[in-house]
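Look for subunit A in each of the two complexes below; its partner is subunit B in the first and subunit C in the second.
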Partner chain A sequence: MHLPMAIECRGISKSYPHFQLRDVDLSFEQGTVMGLVGPNGAGKSTILRIVMGLLGPESGSVKVLGYSMPDEQIAAKRNIGFVAEDMRLYESETIAFHMDFIKSIFDTWDDDYASLLLRRFDLNKNQKVKGLSHGQRVKATLLLALARRPSLLVFDEPTTGLDPAVRREVLDEMMNALEDETRSILFSSHNTLDVEQISDYITFVHGGRVLDSRNKEEFIDGWRRLRLTNANGAALPKLLNIKGVQQSGRLWAVIVNDYDDDVPAQFSGAGLEVNAVERLTLEEIFLANVNFAKANAQPELAS
Partner chain B sequence: MEFGFVFSQTDSGPMYQQIMDQIKQRIAVGDWPPNTPLPSIRELATGTRVSIITVKRAYLELEREGVIVTQQGKGSWVSDTVDLKTVQRKELLHHLRQAGKLAGTLGIADDELLRLIDQNRE
Partner chain C sequence: MSASIVPQLVKKDFRLMSRTIAMFSLISLVCIGILAALFGHVPTWMLLNLGFLLLVSPVGTCGIVILMKTNVFEKEKSTQPFIMSLPVTVREFTRAKLLVNLPLFGGLWLVISAVGFYFAFGLGLFPLSTVPFAAMIFLGGFVAYTVILCISLVFQSLGITVLSIAIAEMATSAYLSTIAYLDPIAHHVAGAQVVWNSAAITIAAAQVAVALFLIVATVFIQNMKRDFI
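The block that comes next holds the complex of A and B.
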C-alpha cells in the first residue's frame, strides 16, 4: 500500500514587512513525528499556518496527506487536528459544549476516546472554560483535536507553559495516537527535550530558513564537542564543519557538525591535544546553531 | 502497553543505547529467554514514549550484534543462539579498540595504557 506523504512542502516562501520565509522544504512520511525547532520568530508558526492552509505561500507547493494546500484544504482538514497556542474556546461555555460542537462537525469523533481523554487529562466536562487553568485549557483543546482521531496532528507549541506532570500527559497522548501506524504528528516546540524524545525527524528553522532537516538519530549523531588543550597556540584546522569555539587560556572547546571518526586526528594533527569527545543534547545543538547563525549572519538578514 | 523501561536523563549514553542495554538486561536476567518475541518497534516506542526511529535503531544494532533476530513481516525475537557473554565480550573489545584509538590521538604509549587500565579496574 502506497500512502501519500504526511506533508510535502517544496520551496515555500512568504514575505512580510519585517520577516521573510524563504525556500522552505519540509516533508515526512505518514506514521512518523516531525519536530520543528528554532528560536522565537524563526518562522515555525508561519510554516504551520501555511501547512494548514491558513496562509497561502507566495511561491512553492504544499501537499498535506496528498491534498494541495490551500486549494484542497476542506478535504484535507477532515483529517487534520490543529492546535495552536492562541486558539480560543468560548469562555462562558463548558468543555462538554465544545465536545458536542466538534462532534457535530466531524463524523470521525470517537466518544469512548473522548471520555478516556477526559479521565486521563483529569478534566471535568461540565466545567466552564473561564474557570480553567492554562494547563486545563491546553488539555481541553488537545482533547478536542485528538478525539476526532485525525490522521495528522499539527500542534504549535503544545507543551509551552505546562508543568512537568501535564507535559508528560500531553506527550503520552501524542505517542498513544501513533499506535496506529498511519497517524502522523507535526509539532513545534521550544522544549528541546520533548522534541528529542518523541520526534523521528527534526527540522531546524532559523531566520525564515530551514538550516537542517533530517532523521533525528542522524541529526543528533552528527554533532560533537571536542575538548582540547592548545599548549602551543596552534591554529584550528580549517574545517568547514566547525560550528563553535570557546576558549579559556589553553583549554578549548570546539563544536563540530557532520562528525566522523577522523575528526579528532585532524585536530591532533594540527597540534591540539584532544582530551575528550562528547555528544551533544538537542538543546546544546540548538544553541550552537543559533550562535553560529548569528555570528555568520549575512547582511541581508541583519535588518 | 507498558514495558517498565526506565530511562535516565542524566545518563550520558544516547537513548538507543539505553534501550539496547535494557533489552540486554532482560535477556541476561532470564526475563526474556531465547525465542521470546519482542514488542514491535511501534509498540515499544509508543509504550515507552520514545521515538520510533530511536527504537528502530536500537533493534538494528541488537540484530547486528546477534542478540535478536528480525524477519520482515514477522517481527523480532530473542536469538536462540544468543550468548550474552559473547555479546558483552564483543562490546568490551569495541570499547578497548576505541580506547586504543583515543590513546593514539593523545600520544599515550602502550605500556602506559595498560597501566591506566589496571589502575582503573574496580
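The block that comes next holds the complex of A and C.
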C-alpha cells in the first residue's frame, strides 16, 4: 500500500554567514518515525525549523502533510505538535494556563488524554513554569504537543539534558503516540540510542548536508567493521566505501559502508587476512560518519 | 478549523499583562489624585511640571513595559518558538501584537490626555489658545510611542528598542520645541481663544499620518520576513 507522505523536502538550501544547509532531501510516509542524527551544528534544527515554516528556505520545496511550507503553514501547523529543546513556556504562568491556551486554539484537544499525561508525567497543573525543573518543563511542553492529538510530531532534541528516568518517560510517551498508526514523528537527536530505539528511518546530517537517509535496518545493516591481520604490510584495496581505518601494529580495523558479501574477498585478495566481520551500533556508525566527514572536509577547507 | 488564532493570542497577552496593567492603572490613579490635591495650592509652573511627571511617566512606562514583555521578551525568553509552532503566520503574530499594544497604550494615553486637558483648560489653568499646542504634545507622545513599538516589532531586540526609546524621547523634545517657536503656532499661543489655523491642522494631521504610516510599514516589513525565529 502506498501511504501518503508526512514530509517531502526537495533540494532545500539555507545560508548563514558561518553555516550553509545545502540541497537537503528528506521524505518519509505517514505513520512512520524519522530520526535525524548528526553532531552539534550539523543543521538538524535548521531543517526542523524549515519544516515548521519558522525559517524560509532559499531554494527547494517543502511539503508537510501535503501542505506547501511556509505558504500553507496555518493549515499544516493545525496538525503538527512541535517541541524544541530551546522552546520555553511563560515562566510566570502555570501549566494549566498553557493547557487552557492550547485548548482554546485546537478543537482536537483531548482533556482526558491531557489528564492522563499529567498523571504519567507526575506534573501538577497548578505549578508555575518558573518552578519546574528542566525535565518537568520538557514533559509539560510534550504534554501540550501530544494532547492536541496532532498527525505529525516534530521534536528537536527532545531528550537533551534529561536524566535517564525522565528520558525513558519521554521516549515511552513518544512510542505511545505512535499507537495511532497514521501519526508520524520527525525528531532530531545526537543521542543515537534514542534514534535507534524508535526510528523507522534514519537521516544522517553533517555540515549542512544529508550524508545518508534510509530505512533503519538498511542503514545499520549497510555498515560493518572488518578485523584484519596485515602480516605483510599490504595496502588496502581501493574501495570507495571504506569509511575508517584503525591500526594497531599488524591488526587493523576497517569500517565500511554499503557492505556486501564480496567485500571480505576484496580484502583477502589484497593480501589481508579477514579475522572477523562485525555489525556496528548506530553510535559507532555516527562516529565513523563524523570522522570520515571531518577528514574529507579538510582538503575543502584548505583550498 | 482555519479560523485565525489572533483573538486567542491577544487574549493570552492581555491575561499575561493583567497584573502590569492593574499596577500602572493604580499608580496613574494615585498620581491624578496627587495632582488634584495639589491643584490651587502650588504655583502654575510647578503644577505644569508635576503634571507632566505624574501623568506622562506612569503611562509612558506602562506602554514600554508592555511592549517589552509582549514582544521583545517573547524572543529574548524563547517563548516565540512555542507561539510560532501554533497555526499562525508572521503577519498574524504582528497583528496580534499591534492589537494588544496600540489599544492598551492608546487607551491609557487618551485617559491621561483627557485628564491633562481637564486640569489645563477645564479648570482654567491655561488659556484656551494653547489647546492646539497641547494637542500636538499629546499626539507627539503617541507618535513617539508608535515609533518605539514599530521598531521593537521589526527588530525584537532589547538593545535596539532601548536605543529607540532614547532617540524617540530626544527627538520628541526637539520636535515640540521647534513647533512651539513656529510663527503660525507661537503667534496664537499668547492669544485668548483657540485658533486651529492651517499650520496647526497640518502638523496635527501629519502626526496622525506618520503614526499610521509606521504601522502600515511595520506590517509590510513583517510580511516580507522569511525567517521568524
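We take it that the second predicted complex is superposed on the first by the 293 of 303 C-alpha atoms of A that agree within 3 Å, B and C clash if a C-alpha of one lies under 4 Å from a C-alpha of the other, contacts with A are read in each partner's own complex, and residues count from 1 in each chain.
Here is the rule we use: contacts are C-beta pairs under 8 Å (C-beta built on N, C-alpha and C of every residue); 3 or more make two chains touch, one makes a residue touch a chain.
The shown structure was predicted, so the numbers you read here are calculated from the model rather than taken from an experiment.
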Which holds for A:Phe97: it touches subunit B only (first), subunit C only (second), both, or neither? second
Touched partner set for A:Ala265, first subunit B, second subunit C, both or neither: first
Regarding the shared-chain residue A:Asp107, is it in contact with subunit B (first), subunit C (second), both, or neither? second
Output check: A:Gln127 vs subunit B and subunit C. Expected answer is one of first, second, both, neither. What do you get? neither
With both complexes superposed on chain A, which partner does A:Ile198 reach: first (subunit B), second (subunit C), both or neither? first
With the two structures laid over each other on chain A, which partner does A:Leu171 touch: subunit B (first), subunit C (second), both, or neither? first
Given the touch rule stated above, what does A:Ser68 touch, subunit B (first), subunit C (second), both, or neither? neither
Is A:Met52 touching anything from subunit B or subunit C once the two structures are fitted on A? First, second, both or neither. second
Counting only touches as set out at the top, which of subunit B and subunit C does A:Met87 meet: first, second, both, neither? second
Contact footprint of subunit A on subunit C as seen in their complex: 1-2, 5, 8, 11-12, 15-16, 77-79, 81-82, 84-89, 92, 226-229
Parts of subunit B lying in touch with subunit A, wherever the complex brings them together: 9, 12, 14-16, 42-43, 45-46, 49-54, 57, 101-102, 105-107
Within their complex, state which residues of subunit A touch subunit B. 31-33, 171-172, 175-176, 178-179, 181, 193, 197-201, 215-217, 220-221, 261, 264-265, 268, 273-275, 277, 279
Would you tell me which residues of subunit A are touching subunit C in their complex? 49, 52, 54-56, 70, 73-75, 77-78, 80-82, 84, 86-93, 97, 101-102, 104-105, 107, 141
